[in-house]
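What follows is a structure written as structure tokens; I'll ask about it next.
Letters A, B, C, D and E mark the chains in the order given here, with residues in each chain numbered from 1 onward.
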Amino acid sequence: MSILTVKNLTKAFGGLIANSDISMDVKKGSITAVIGPNGAGKTTFFNMVTGVYQPTSGDIELNGKSIVGLKPHAVSAKGISRTFQNIRLFGSMTVLENVMVGMHNHIKQGLLGAVLDLPSFKKQESFAEQEAYNILDYIGLSQFTNEEARNLSYGAQRRLEIGRALATRPQILLLDEPAAGMNPKETKELTELIFKMRNEFGLTIVLIEHDMKLVMEISEHIIVLDHGEKIAEGIPEEIRTNQKVIEAYLGKSGAETVS
Amino acid sequence: MAEKILDLQNIDTFYGGIQALKEISLHVDAGEIVTLIGSNGAGKSTTLKTISGQVKPKSGSILYNGTEISNRAPHETALSGIAHVPEGRRIFPKLTVKENLEMGAFSVKDKRIVKERMERVFQYFPRIKERLSQQGGTMSGGEQQMLAIGRALMMQPKILMLDEPSMGLAPIIVEQIFEIIKELNNEGITILLVEQNAFQALSIADRGYVIQNGKITLSGLGKELIDNEQIQEAYLA
Amino acid sequence: MMMKNKLTTKLEPFLDKIKANKKYQATLIIAYIVLTAGSLVLAQKSVIAFLLLLASLLLLHFTGLTDLKKWLIAGAVLVVILPVVASQGPAYQSYMEVACFVGIYVAMALGLNIVVGLAGLLDLGFVAFFAVGAYTYGIFATGQASKFMPFGEFPLPGESFWLFLIIGGIAAAIAGVIIGVPVLRVKGDYLAIVTLGFGEIIRIVFNNLDRPVNITNGAMGLISITPPKIFGFEFMYPSQFYYIVLVILVITVFAVRRLEYSKLGRSWKAVRENEIAAQAMGIPLVRTKLMAFAIGASFSGVMGVVFAAKQTFVDPTSFTLLESITILVMVLLGGMGSVPGVILGAAIMTILNLHVLTEFANWLNQLNLQGIISIPDALSPAKMQRFIFGAILIGFALYRPQGLLPAKNPVFNLEKLRKNKGKISSMISGTSQEPVARAEEAKR
Amino acid sequence: GCSSSGGNDQAGGKSTEPSADGGKVGSAQVIKIATQSPLSGGSATIGESIKLGAQLALEENAAKFKELGFELQLIPFDDQADPKKGVANAQLIGSDTAILGVVGHYNSGVAIPSSEIYEKYSLPMVSPANTATDVTDRKLKTVNRIVARDDFQGPAGAEFAVKTLGAKKIFIIQDKTAYGTGLAEAFKGAAEELGAEILGFEGITIGEKDFNGVMNQVVAQKPDMIYFGGMYTEGGLIIKQAREKGFTGPVMGGDGMDSSTLVEIAGNSVLNTYITSAAGVTTATDAGKQFAEKYKAKFGKDIEGYSAYGYDSMGVLLQGIEESIKANNNALPTREQVAEAVRNGKEFEGVVTKVSFDEIGDNDYAKIFIYKFEEPAYPAAQVDEVSK
Amino acid sequence: MLTEVLHTLPQVLIDGLTLGAVYAVVALGYTMVYGILELINFAHGEIFMTGAFIGTAMLLSFTSLGLMAAMPALLALIIIILITSVLTGLLGVGIERVAYRPVRNSPKLIALITAIGISFVLQDLIRFITELKKGNYILTGPSLFTDQIVVKTSAILPVFSDASFKSSFIIVLVTAIILMVGLDFFINRTKWGMAMRAVAQDRETAALMTVNVNRVIAITFFVGSALGGATGVLFAIQYGTIDPYIGFILGLKAFTAAVLGGIGNIRGAMLGGILIGLLEMFAAANLTIITNGVFGAEYKDVFAFAILILVLIFKPEGLFGKAVTEKV
């Protein structure tokens, strides 16, 4: 059953067509990879799904209902969460607070309750703290709970972004180059985390990645973009040997690593 | 034997109270490719920044052709022939591609020389020539990386320091970049390469250092390190 | 050098002891309060003694006492000790006047702190909300309202003041939203200039709204504003207003602190840090920013009402751009986003501006008059206040660029969190769908 | 250092006790008089002259009070021409119980709110310069002034403009301050009553230097005369820019333009400018000349238009205090007593004006003087004098 | 109504252009510094003011030394403008060194405090010096270039009335245009200009390109402050009378102009300045007529600010600014 359906999606920036007539289905609970050369339009695609950009034309449906036109925060509330290619943490807030922000829609607090410090407010707060800590523990960052997010190393920051996204209780998690800047060992740990999240929570995961090892290992379905267009789609084995993909993206040695 | 063109001795570098480099000692011989590998936050970028003067070491010395350069301001270090291609490329987004290149040759007064050097860059990166009047920030990731290296080459450096040039790039581009690095080295430029992509880095490097938590933990010839078990386990997975 | 070393080595164990022992701290702070209070009684009119007594609150902030104890001691100082001690001499009202202004500015600065410090929206027209509050009460507590209101009897009696505290706050909040809606499209320094423009517009309009309908009485201002009254008691002197200010201030501080560590406070900070990511986490941008504008403005509006009642006079000259800038400087100087910092910043700036510099100038003037020293006229200290003030600002900024008491992040109790560690409950209990079911389905 | 609040610390605690460190005067009780005027900012020169005039009067009376057993002290305050500052100072003044009276202010906009505070403390104030109607129209017991009111000054100007100068079409500009607007309104009302047509009533922004926008309106409407309600800084520029635009008719303004700086700014354009002022020429009388000499000898400066008004205000105030001391059997009087005595002061002979306060504190003898700039030099020549 | 507006229009345009030209050049200074440091240099207005005082003081002493009679007035003016520019330029460099550089790596807004501090200090310093020399701080310079030149605009359209201007207007306008064109050339066509832009975008990386960042910033301040000082002289010539507080009011307008044009953009600042000048002048001359007396000239600033706000709401990056949509 498909959870996310994209129909003829097009995005133009002035004269530049960043996404052109893209259609795809993402199966519920699957891990899907979106790959393609730099500038192919992968991040742009994510941006449209999450409401950051409005499509020029086409439709995006979540569980059969269109989410085009929704503001990013509303998309988040519908259950789509994401990480960013260029890390966007709340740098001077603590690691725990970053995750707590992610729980925004799941904390019920009124203005008055907060100002008057009502018991219900306190309860909500301590629930949120504990929950956020549990998430940190899950992604392996609990030792940094009270650190400022900006002081974390690059890899830890990428993980924290995932944790924060998890806190919004998503149905679909979009990861934009989660392994960028990680070495093979760290990439491996990340791969495990992604699998674990999918398996334990039934999350649907869509990821953009240039690390072919990770992509081929993890994804059940791969979509290849080039110059804004979808040039191929299929299971890893198909993509690996697709001549178009090798030419545009993988290159000789890329194809070697992969196979 | 080739002489040490760059020699770091017992470098300690701090960010505020946090010590990022602990007694780092390493050297680069003229004409070598040396690579520095290590996990996130190990201190690779900090090492390069310390060399180029962006952060000042608290103690230790950096000898460049035998001269102490650890107190120099970044622009002075650059003037003396050490080019640093920073992490994340750092193209000037609102300057045109041509202006970005010209910035690389900022210290050169003679316009003819600038022109000559630019032609050389075009030989390595024909793509750049097609995009001269485009704004730097609108280039795709791979193009930006090429521009960043090209910009550094405009300085005609003796040493080229590259900080994770393959990050975020499509495999096909990564392949090209490593080719170019080899080519540059063949032309006589000494290279200090920081990479996550340990396998590829070590396979083109003459020598390599492994840095962990701000300390050098291993060093050796590139080929040796590839076969080293510890490295196999930690970085080559 | 040697001397210093010896001294510090001797002192160190002593200091460590103090640091470790809360009882020591409590005793010391109480001794300090008694000492300064005593010296204020003896040396009435001594600004230094007065300031030292106030400084006890700062010291208190640094002690390791529990919050409750801090509040209790601060309460004792502010409610009882300070007024009683100050009332022993002729400078009583002037001390209380300064104290009132400190309170007024602290509340305003705390309001602006929400906008600038927490939500990261640079506002250069903040005094406009103060003006809205002041005029709201001013217009109805003088005969002015009868000039354009077809019904009702004006001025309203002093009892209405209490209601107007709320009305003024709401009016300012509404003004905040009205200004906010169009303004929020612009960012950063553009926002600064737009808010500045709005601030100026409001001031100029107040200055000119005596024609065609006389609403604000224009440049002439509103005179003889009815003083607050309760159970027949009329508030006339600063020493009486002091308590009104104090109560409002305590509420404000408490509210701000609570808000800061609530969902809304986190949302503000998240928006400040990264708008795009904040939105992606489900935070509605416009609503969150408008809340900051409205809540920040409302503190200012409430204090505007108090200001009008206290001065018994409002006119547009009290609401200039310079005033907005001063409030902003209070926030920056104290430490953006830091409640104790902003309180300190506002207190220092107000006391400096209103009291210390004036007194210093008076003092030098007196010496000049008595021929003890001779200062050229152009250099007369009264005239050099701006210079001194400017120099002090630069000094502060260079000395503490992060602000006097920089903002701190909340520190969560790791032990407790670790002890209660469990599964991620929300993912288990699910929102729209049971994760287990989801997982099942995923495997299929 | 300034370990104590300077200035105010000579006197001991409460005024009933002997002074704590009486210094020179042994056991004499201290009576303090405050002045409030702008000692910094644009009107500092005039503010200073008010203070110095008051100081001179105080020092001349010191011996007399010493005989009564009191030491007089002057406490000058700087109101910075800012209402908020004036009010804050007024609190300070009011709370110092040794202070029995205030001489001030210069700007009505400051005097009005500050006097609300004086009233609370029953502290009498005598104003040497404030002309706005609201100063006394609030009927406060403590507020008095020795100069004329704007609803006297404005009409006096209007009458002169319409009757003597024959102006039928007048363009009015004002600076949107409490003083400027008030005066301009008063002028406007009177001029309209006298049959003149008001072509425009425009506001400008103080501090700015370019008034060509309004001037274009003026020139397009071709008035016989321009009236400006405001201060000399803007007034000078308005005159100059009007002349540059080719306006040759008379320009008229109020006491705010009564300053030598007006001539400096406007230069030759100042010719054919008229000003009404509440201040007369001090040196017109012998007493005035003597005062000017004394002043010069003491402070090394020439008098300003308001020096003598400061002097006379202090004189009236001290007369009130003296009377209330006597009425109180040589004991220190209360502020209420002083306030009452000051208000009741009749037929005081000052150097520039006689003073008798009416029931709201206005001076029965206040006059308006009209001057014309016949050459670009200050002071201008007096062309008329109007009494009530 | 329309005829009345048209009647004065030529004159309003000329007066607006004069004021606008002054705003524009001061706005250039704001925009330059902002463009490089993202710092609202609040003290720029005071540098302008200082320039006005230095210029007037020199004019006065030239006159009293008889130098004015010895050479053509225009030559004297050029000399004075040059000297003033150098002096205020150095002042700007000094301010940067003392008050901005030390806080360059601190939170961005902290520089606002030092800037305000510098403003106060400069205001009082100039006030003090003037007052010491002269007794009060309002300074009026000698009248120069006051010949009225009449433009027969009525010949173009009969509804227009003739307009006139002082010859100083031409000087103001010509200088403003020269300064703008020069600056535009400097920033966009020279190597140092390119370095400035590079420093503006990424200081650290610029340093890696052998650019001495401190020097570039100093040059920026020098040029910006020299412009401010030069404009101060022009202002003093045009309006005759100055005081230490002109910088605050004018600085506010000029900064508004810079924002209107799109801060950081040279041509935008110029256009914004002239636009604000024209708007203000137009409003002061015509608001009463247009609104039938409901709003008078006193609303001119409301009018100007309202237009600014409207523009920014529909074009949040200013007229010439490039939309900086953050790449997500």
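The rule is short, and it goes like this: contacts are C-beta pairs under 8 Å (C-beta built on N, C-alpha and C of every residue); 3 or more make two chains touch, one makes a residue touch a chain.
It should be emphasised that the depicted structure is a prediction, and the values quoted were computed from it without experimental measurement.
Any chain bridging chain B and chain C, meaning touching each of them, is among A, E; the list is complete. Path length between chain A and chain B in the touching-chain graph (shortest route): 1. A summary of chain positions shows that the Cα centroid lying nearest the centre of all protein Cα atoms is that of chain C. Chain centre most remote from that of chain A: D (centre = mean of CA atoms). The interface carrying the most C-beta pairs in contact is the one between chains A-C. Most remote from chain C, judged by the distance between CA-atom centroids, is B. Centre-to-centre separation of chain B and chain E, using mean CA positions: 45 Å. Here the spacing of chain C and chain E, counted between their Cα centres, is 35 Å.
Centres computed as Cα averages put chain A at a distance of 49 Å from chain E. Residue positions of chain E with contacts to 2 or more other chains are 296, 298, 301, 327-328. With touch defined as above, residues shared between interfaces to two or more other chains in chain A number as follows: 52, 84. The residues of chain C lying in touch with chain D in their complex are 43-48, 89-94, 97, 101, 207-208, 210, 218-221, 223-224, 236-238, 311-313, 315, 317-318, 354, 358-367, 369, 377, 380, 382-383, 385. Only residues 42, 44-45, 176, 200-205, 207-214, 216-217, 219-220, 233, 236-237, 240, 244-246, 261, 264-265, 267 of chain D touch chain E when the two sit together in their complex. Chain contact summary for the complex, chain A toward chain C: residues 1, 28-30, 50-52, 71-74, 76-77, 79, 81-82, 84, 88-94, 96-97, 100-107, 109, 111, 114-117, 121, 124-125, 128-131, 133-135, 137-138, 142, 145-146, 148, 164-169, 171, 198-204. Interface residues of chain B facing chain E in the complex, by the touch rule stated above, are 52-54, 73-75, 78-79, 83-84, 86, 90, 92-95, 99, 102-104, 106-107, 137, 151, 155.
On chain C, the positions that touch chain A within their shared complex are 254-255, 258-259, 261-264, 266-267, 269-270, 273-274, 276-285, 291, 409-412, 414, 417-418, 420-427, 430-433, 435-444.
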